[in-house]
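Chain naming follows the written order as A, B and C, and within any one chain the residues start at number 1.
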Amino acid sequence: MDRFLFLTVDGLAKGAVYAAFALAVVLIWRAARIVNFAQGAMAVATVYAAYSVTQATGSYWLGFAAALAAGLLLGAGIERAVMRFVPHTSPLNSVIVALGLVLLLQAVLGAIYGNEFRPVETPFSRTGITVGGIALLSRYDLFVLGAVLVLVVLLALLFTRTSTGLRMRSAAFAPEVSRLLGVNVAGLLTFGWALAAAVGALAGMLVVPTELGLHPNTMDLVFVSSFTAAVVGGLDSPIGAVVGGLAVGLVLSYAAGYLGSDVTPLATLALLLVVLLIRPGGLFAGVRTRAV
Amino acid sequence: MTTGLRHLLWTAAAAAALLAVTYAIPPFRNYQLATAAAYLCATAGLTVLVGLSGQLSLGHGAVMAVGAYAVALSQNRFADAGLTGNGVLAASLALGVLAALVAGLIVGLAAARLRGPYLAGVTLAVAVALPAVTTVWAGVFHSDQGLSVYLEPPPAGLGYDFPLERWQAWLALAGALLVMLLLANLVRSRFGRSLRAVRDDEVAARLAGIDVARTQVLAFVVSAGCAGLGGGLMAVLTQSVSPGAYSLTLSLFLLMAVVVGGLGRLAGAVWGALLLVVLPDLTHTIVASLTLSPAAAQRLEGNLPLAVFGLTLIVVMIAAPGGISGVVRRLTPASPLRR
Amino acid sequence: MHRIAQRGIALAACVTLFAATVGCSSDDNGGGGKAAVPGVTDTEIVIGTHMPLTGPASAGYSKIAPASKAYFDFVNANGGVNGRKITYKVMDDGYNPANTQQVVRQLVLQDKVFAVLNGLGTPTHSGVLDFLKTNRVPDLFVASGSRSWDQPDKYPGTFGFNPDYTVEGKILANYVKTNLAGQKVCFLGQSDDFGTDSLAGVEQVLGKDGVTAKDTYVVTNTNVGPQIGKFKAAGCQVVVLATVPGFTALALGTAARLSYKPQFVVSNVGGDLPTLAKLLGDAKGLTEGLLGANYLPLMFDANDPWIQLFQKVNKDYNGGAEFDGNVIYGMSVAYLFVQVLLAAGKDLSRDSLIAAVEKGGYTGPGLAPLRYAKSDHSGYGGERMVKVSGGVQQFFGPTYETDDADGPVKEYAGTPATPPANGVPTA
């Protein structure tokens, strides 16, 4: 029972990060109908930016702010300089360009920083707080959960309470109509990418310290898990992303805990197949799944 | 002249030319040629799947691995049982293709229900799950370390001094030509037209009496069979198989090769396969020729090919979506049937 | 028709491409006028290696080859070996066996190297053993402790360097048995020969029931929480690690997160303190008390003449790279190679090189004996225990030697040699 409790809270902490990252995927999908396979590489780039700032200033929080700022800039830059020019003849095009970005970003980071693992500090202790003899969440895990919670609330407010959020939704679902109604669709698209990349940067900052260290490929597997989370939840649904993220976190934690950590990629695949074969559009698929 | 016969003549001509080439070039180039030929099996199958049927696979490296492991296991079993000779190798390769066909059928059945990013997600998960399979069943697949592959020396009839690399090139080229011949006939057949119809408009294809799901599954199976042969040949070339050799990166590289070569065109698959072999070699030469501090050289060494690959991919996709074969086509004056 | 025309053009292009490369790769070996030995002229010896310079496994290890190269440059600056300068071609394989195949073929078939030195990694190097054997290329001092390198009958040209993992496992377990008697022991190993050979050694000493819980990890999965959680649940007070540096760091960090504080005992390949400290960053305090074993001098022994020599070479020829166990390792390998070259004499050939290694009797920076002989192609035959205390890693107790079977773990009385005055071995 102790072990089950531990695996559950550990899975939720990890799942929270997957949820945040899945939200970034969903944001871009809703804004541009593009699955951004470069999300992981972009996030790593922002964490490197944070690393450099923290090294130079000694302050974790300055680095943290730098990561978010770098995310905004990188997202907007990539949309303006690359994604905007991708021909829309086939949905494959943007996927392939995104994969090209992955290689390019990782190679550039590797050439600048070297392909070695760099330790990343955490603002809080990662030693588990012992409750009734069981080591449970660490203060860092609580920080992760809190940060993701704040993010979800902020995004919910943005999309339901602000006019920008409403315009983004309309621009995504009916771009032509929105344009006719005077909505700056192109500008909103850039904003969507910037926002998503900043969310990705946050997720990257939260997850990298729990991995082997900072490395150009650090986020590869995190991206796979988060993408799984987004697909399981349904790519159109932010709620789906959060639920999917937590579900993936829990499944991976239980699989690793009870069956061994080698089994986790198989568990991811099984979860994905089971959900998609029952609901090909994900758990929270909308009223109609759009043929792509 | 029928299409089939014309293809056959072209294949024979190519075989003769390549045979001459294998005698003209040194062993290392033969090995590279063999590697390119093994890649070609996979890229040709992939370009049919992605370009003609419109289904994206991010897991073709894993399908190659299925073929490679099947060849490794059967070669070693045969050798243990005292069965050797080149007929055995052919049987092993056939088993590799068969295993990949089955894998393709399973993934294809799941894929037929899925579209776009959902399909990409499943194939991505397949690519990532492969190393886990070798670890969980470590008794059979020997985990990260992989298996070594028993390979006979070249047939004695070729002479004692016959280089192994030339023999490997022959094997791989034979496989690649076979794949090219089959696929060239396939894409111009009724099935090829069905594929394109499904890709362009599923509803219209269905109205025209095409079984959409069946066509898509079949495309997956065909493409997996080709990748399985490519993987099997790779196992024969490297005389070892391990999950690291068939990582997600390989899957992405294969996809990139067919895109840069020219999606949906078999000629593009050739360009792509060549690129996979030549580009790392070329960048190594470039880095070696630059005078850099050891640390800088070390950082560039592995990363430059990646950067070049990534950049090419982006530029090709935006500026020349037809890829290299599209550019060549535009530069070829004698193309009477240019579309 | 045009489609076929395209293919024809592609084919023609392919043919020209390869034909063109033929012209470039002219044979340039055997400049001395004597019988041509690949990679050897009167003024040069070309050798090569494969190393992970990029990718997840490159942590720490990417510093080995540059250090070897630096030592060769130092020797070259002092006149080389028998008037020949050593050129060391380092190829990156990213720890990917498919790349190893490619780069080793390039070294042997195209660059025509005389020998392959210190190729790194069990999965990577096992794939090229047959190829090197067929081409009769000496394959010296493989950078791994797998027992595969010691098969003189099957692979007459292949030699190990590291103490094999079973020898090491026995020595680590011997310490546990004597000094931590009665404590529950768990084992975490890499899921390949490294882990299995090491476990075999540990169980040889502690007995099959001596290990309470054992588990493995794969380098592609950075979550070792389940394994460490299992050890904690099993109540192990001692955890033996057969891990690479990244995973030693992960194991230490994960245990701390679980408030689990066993005595860690780690293999030499994953126990270099500077490498671990770098990986752990602020958490480097976790290495305090870490036990391990080694067979080469440690960087903390500032008075050791070998360390002084290597530090000088590192400063002058390696751009002052951060000095750690990987640098010491790379230079020790290079030192031994120069010794062997000298022993092989002026009339250098592949056969004379292999005969020189098999002659044995080499002494250098190592604490334990090098066991090379006609019937023994393994490397160092023992290790001495090390412990981290106060942020410094230091040897303690005697040096032990043993075999990879059921022989006893016994003390080794020999002492390390002192380096030659000018730092270059003489014949």
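FYI, a residue touches a chain if its C-beta (ideal position, glycine included) is under 8 Å from a C-beta of that chain, and two chains touch if they have at least 3 such contacts.
The model shown is predicted, which means the values in this text are computed figures rather than measured ones.
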**Message:** Relative to chain A, which chain's C-alpha centre is the most remote?
**Reply:** C
**Message:** Quick check: more C-beta contact pairs at A-B or at A-C?
**Reply:** A-B
**Asked** chain B to chain C: how many Å between their CA centres?
**Response** 34
**Message:** Suppose each chain is reduced to the average of its Cα coordinates; what separation in Å results between chain A and chain B?
**Reply:** 32
**Request:** Determine the centre-to-centre distance between chain A and chain C, using the mean Cα coordinates as centres, and give it in whole Å.
**Result:** 38
**Residue list for chain A, restricted to those that touch at least two other chains** = 110, 115, 221, 260, 262, 264-265
**Request:** Find every residue in chain C that makes contact with two or more other chains and list them.
**Result:** 53-55, 62, 191, 216, 218, 220-221
**Prompt:** In chain B, what residues contact two or more other chains?
**Reply:** 131-132, 135, 295, 298, 302-303
**Prompt:** Across the complex, what residues on chain C touch chain A?
**Reply:** 53-56, 58-59, 62, 191, 215-218, 220-227, 229, 233, 246, 249-250, 253, 256-260, 278-283
**Prompt:** In the complex formed with chain C, which residues of chain A make contact?
**Reply:** 3, 6, 10, 110, 115-121, 126-128, 130, 135, 138, 211-213, 215, 217, 221, 256-257, 260-262, 264-265
**Fill in**
Given the complex, residues on chain B that touch chain A span 50, 54, 56, 110, 113-118, 120-122, 124-126, 128-129, 131-133, 135-136, 202, 248, 252, 255-256, 259, 263, 295, 298-300, 302-307, 309-314, 317-318, 321
**Message:** Per the contact definition, I'd like the list of chain B residues that touch chain C in the complex.
**Reply:** 6-7, 10, 14, 17-18, 21, 24-29, 31-33, 35-36, 131-132, 135, 138, 142-146, 148, 164-165, 180, 184, 234, 237-240, 242-247, 265-267, 270-271, 274, 278, 281, 293-295, 298, 301-303, 325, 328-329, 332, 334-338
**Prompt:** In the complex formed with chain B, which residues of chain C make contact?
**Reply:** 1-11, 14-15, 17-19, 21-22, 25, 53-55, 62, 66, 69, 92, 94-98, 101-102, 105-106, 109-110, 122-123, 126-127, 130-131, 134, 190-193, 216, 218-221, 318-319, 321
